[in-house]
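The following pair of complexes shares a single chain, chain A, combined with chain B in the former and chain C in the latter.
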Partner chain A sequence: MAEIELKNIAHSYDYKSENPTYALNPFSLTWEDGGCYAILGPSGCGKTTMLNIMSGLVSPSKGSVLFDGTDITSVKTEKRNIAQVFQFPVIYNTMSVYSNLAFPLKCRNFDENIIKSKVIEVAEILNLNLFLDKAAKDLTADQKQLISLGRGLVREDVAAILMDEPLTVIDPDLKFRLRRKLKEINEKYNTTLIYVTHDQNEAMTFAKKIIVMDSGNIVQVGNPKELFERPQTTFVGYFIGSPAMNIYDCAVLSDFDVSIGNIQLKTSTNLSNVKSGQLKIGIRSEFIKLVNNKSENTIEAKIEIVEDFGNYKLITVNKNNLIIKAKVERETTIPHDVVLLNIPAEHCCIYQNKNLI
Partner chain B sequence: MNFKHKFAFLFPGLFVLIGILIFPIGFMIRLSLSSWDTFYPGLDFIGIENYVRLFTDDSRFWESFFRLSFLSVTTVSLQYIIGFSLALMVWRDIIFKRFFRVLFLIPMMTTPVIMTVIWRTFFHESLGPVNDILSIFGIAPPWLTNEHLAKVTIIIVEVWQWTPFMFLLLLAGLLSLPKEPFLAASVDGAGPIRKFIYVTFPLMAPISIGAIIIRLIEASKIMDTVYVLTSGGPGTSTETSSYYIFVKGLREFQFGYSAALSFTYLIIMIISLTIISKLLVKLLIKK
Partner chain C sequence: MFVIAPFLWALSTSFKDFNSVTGGAKYIPWLQFEPSLEGWSVLIRSQGKGGVNIIEPYFNSVFVTCSASLLSIIFGTLAAYALSRFTFKAGFIKNNDITFFFISQRIMPPIVLSIPFFLMLGFLGLLDSLLGLILVYMVLLMPIAVWIMVDFFNRVPKEIDETALIDGCNPFEAFFKVVLPNSIPGLIVAGLFCIIFGWIDFFFAFILTFTKVQLLPVAIVALNSSVTPWWSLSASALVSVAPLIIVAFIVERYLSKGNLSGALK
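So, the complex of A and B:
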């Protein structure tokens, strides 16, 4: 196990051309030993490239990779002591489940007894112990993915287990259980887990720390609560949360007040220094409350749609052509025509040029 | 569209099939039941007499068949090993990759008969350059007149001529393989040998079987190389089934008997190639 540091890393797949396009723009990031991370972002944002740079499958155009302070940028994948699980299950078709799990240890010339005890231990964790003698190719897709994961777990000394959307092929119920299991593994063995996904739910329920990426840039690093309550950019606001954050253009009225069209709102952000730049206000639909009496930060709006999602209701209202979405509890009685919505000042995020003030 | 219209669309293809496949085979079977030769040309009916002769009184046919089996299995095995090695060599990024890929394909583009004539000149015992070079070491092997060496010569020529075909099929296969298994093997710490044994070879098994079967079918028809290089000699030591059938049919004009030989050969080939492909599938894929 090790602390992994990515120092001034940047990568372009056409680095030698005159105007290289960067899949990853320069950044530095440290992955603490034993951490449970998720890299979250839309397709093509550079998640997999970052993962492959850590495992050595891609050599970065710029910068260096350090494991516990040692530069391993030019060290081959085989020698890096890292485990990686791919999107689609990769198994050795000609081998049994046991041999598959034992393979990484055999390649490293471990003693047969150690291999056996380790394989049995990992097989028990992953509920594969009943299939050990079976041919790996006869297993189901999710069991095959467990084998891929197991090959990472058998090696006690791995610097990190990198997972590239590993649960794509697995059905939702098993996905949940597997995520739980991964967390248990992380807590039990203190193994660094880095999980790449484009599914925010997966990232939020799995990781203690989430790295949100967009177009080759790291836009925010934080825990699920921070990402949800204080998105650092409007992109994070849009990308995280379902439905996406309500984001509107706004203008400063006074130190703490803004206006969206002719709606006036109080915020908790000091805007006295905001002189120029495009201003936006973001409000999570979860924080908007349905109220009965008018007070400060209350908007009267016409209901357009009420959608029942089973565990909550989503109300879409229209106030002077401004569409606002609010999430309310399922049992809440919703008036037919007009509602009063309260927007708490402390949950208003103000963005200047798309960045949180 | 009614039933008859569908047939109207099928007929052109069906006619071609009957013309080029069904009729010749049917005629061959009928011919094999006759004694048509130069003395009595005509489709008389002698029952299975030709087949009785073939199974009881023609050891030369069976010898040529086993010789053919030996030659085709040996040449195809060598072609597979060499073709696979060359394909592996130019699969990854190496300098002059395109040049090598084209270079290895040249033998396949040449005309087999012409190349065999050139090879015969190469291996000529007193005039050929091969023995010229070997004479430096004081040896001059009788390439075409020794019964064992003549087989070796045929194998060399066949391997040279047809390895490119194997190379082409296997390279296409290698280029279509998914990347992930190789990346996973690297992550697991596998070296090049383990990667080949546990990743490349198993992934290539279906393509390998296809390539081997295609080549076995082609190799079992070997005729032009033998005809030009040794004419089946010395004696009958390089005579293969097809060459023997050619001798019986077009040298001795025993049309009826050679038809019986051809039909028997066809049946044996269908059965043996089916068994071989099943065995290969069992051995390489289901293992």
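So, the complex of A and C:
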């Protein structure tokens, strides 16, 4: 258990070349002890590099890693006492399930009795107790992944368990149960969990705090609600939420008013200081309401497509070639040709040069 | 047909005497003859009683082949692991170039190496000795071991090593406790190839030895004199391929059981 601090970390895989390309641009971040985190971002955005820097598999080009204030940047992986679970189950094929789970403790010369009790305890948590004597290679993919996970859990004092898309190979039902189990473990043992994923649902349901990354940069750190309601950049707006946020170019009309083409909208953002820069407005389709009467921030638009997703309906409308998506309850009766949409001012996010004002 | 027939031919010839071999059969060429154990008995009779010297070369061959194979596997595996996992760079020479350098030893015709080897062993005083042969065979067999093992290690995901490090092994423990046990199939295949190539080599065994030390292939060729003793030649040929066939059968069984499947996921 430890608080992990990444201080001014940057990493390039070709650091020594003349024009190094950075997989991770300089950043600082602190992972609180016992936290439950998710790192979310598209493939190749530097998520795995960040994990590998924490576990010591990659040494950062710049900056330092601190565990509880102690600089461990140059400490080797095997001395760091950290656990990492990879995307595909990594098991020791030639050993039994028991030996697999006991391996991290054996490497650290624990007493045989302690190893036994700890392995049995972990096996029970993960429902592996019936397979302990079996050869690990004979298990199914998800059981193998449980073993990988178990090897992280047998060490009580582990600084953090880093998981790199660990549930990719596991089927949806078990995925759900495992995520719950991980949360339980986090609450019961107060182990720091850091979970890398590119699946926003996984991140949203799992973590208390989400770190969104894009091409080597941390773009937003926040809880699911913040990410959803106030995306800090247009990227987060696009990346989080299904469908993605409606984002349009806009221009300032007055302190609180903007125009998208010839549509005029009131927002809750004070725009009096906005002088230059490319302006965009983002509106979540979940916040757009179907109304019957015209009022402020109401748009009359032509319906193009209505899609029924079972638990909700997604309507796509066209207003002067502006495509707007709105998510409405399934029971809502939708008129055939023209609808009135209300866009609440407090849910309009204004972006200057892609950053939230 | 092409695989079995020569063996059957040798087998039947080994039980014939001079007349049966040269005279030929009346009706059925392979079966119609008076069986004789002459061909086989020469092999085990002492030289004074008209026997040939084949038992000592036989054990020499076993010793040289096994030692050279074992050493090649040990050093070859270590080299292959390093080439598979670490990045080397010396000017324009990189990992792949080093691996190719190993293989290139087998690409050039052996005759190119014969004179340097002869001179080197002469300088070291190891001509006509078992140790000298083991050293030379190691040079011949190591490329095979490195080549097979590099390919094998490349297919073992590096996450396995990384996991072992995370679990608290140092890099050596990770190799010996985790990667190596997972690589037994590769080791067996590499070992098998080393044994085969070591066992069948005639060229270097012929050039680098004279009288004190003789290996089996040379001894068999030496059986040929003014009158070719087809019966004992056939018998010794069968004796010389027997170990390879036995090894191949055992390994084939072991491999087909699936115990050695290299899958890690």
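Methods note: the second predicted complex is superposed on the first by the 357 of 357 C-alpha atoms of A that agree within 3 Å, B and C clash if a C-alpha of one lies under 4 Å from a C-alpha of the other, contacts with A are read in each partner's own complex, and residues count from 1 in each chain.
Note that contacts are C-beta pairs under 8 Å (C-beta built on N, C-alpha and C of every residue); 3 or more make two chains touch, one makes a residue touch a chain.
Note that the structure is a prediction, hence the values are computed from the model and not measured.
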Which term applies to chain B and chain C once both are placed on chain A by superposition, clash or fit? clash
Should A:R284 be classified as contacting the first partner (chain B), the second (chain C), both, or neither? neither
State whether A:K313 touches chain B only (first), chain C only (second), both chains, or neither. neither
Could you tell me if A:R108 is touching chain B, chain C, both of them or neither one (first, second, both, neither)? both
Given the touch rule stated above, what does A:F86 touch, chain B (first), chain C (second), both, or neither? both
Looking at 8-16, 116-124 or 134-142, which bit of chain B clashes with chain C? 116-124
Is there a shared patch on chain A that both chain B and chain C touch, and which residues make it up? 55-57, 76-78, 82-84, 86, 88, 90, 92-94, 103-104, 107-108, 148, 151
Please give the residue numbers of chain C that touch chain A in the complex, ascending. 157, 159-160, 162-170, 173, 178, 181-182, 184, 263-265
Interface residues, chain B side, partner chain A - complex: 180-181, 183-184, 186-191, 194, 198-199, 202-203, 287
Going by the contact rule set out above, which residues of chain A touch chain C in the complex? 55-57, 76-78, 81-84, 86, 88-94, 103-104, 107-108, 137, 141, 148, 151
For the complex, give me every residue of chain A touching chain B. 55-57, 76-78, 82-84, 86-88, 90, 92-95, 103-104, 107-108, 148, 151
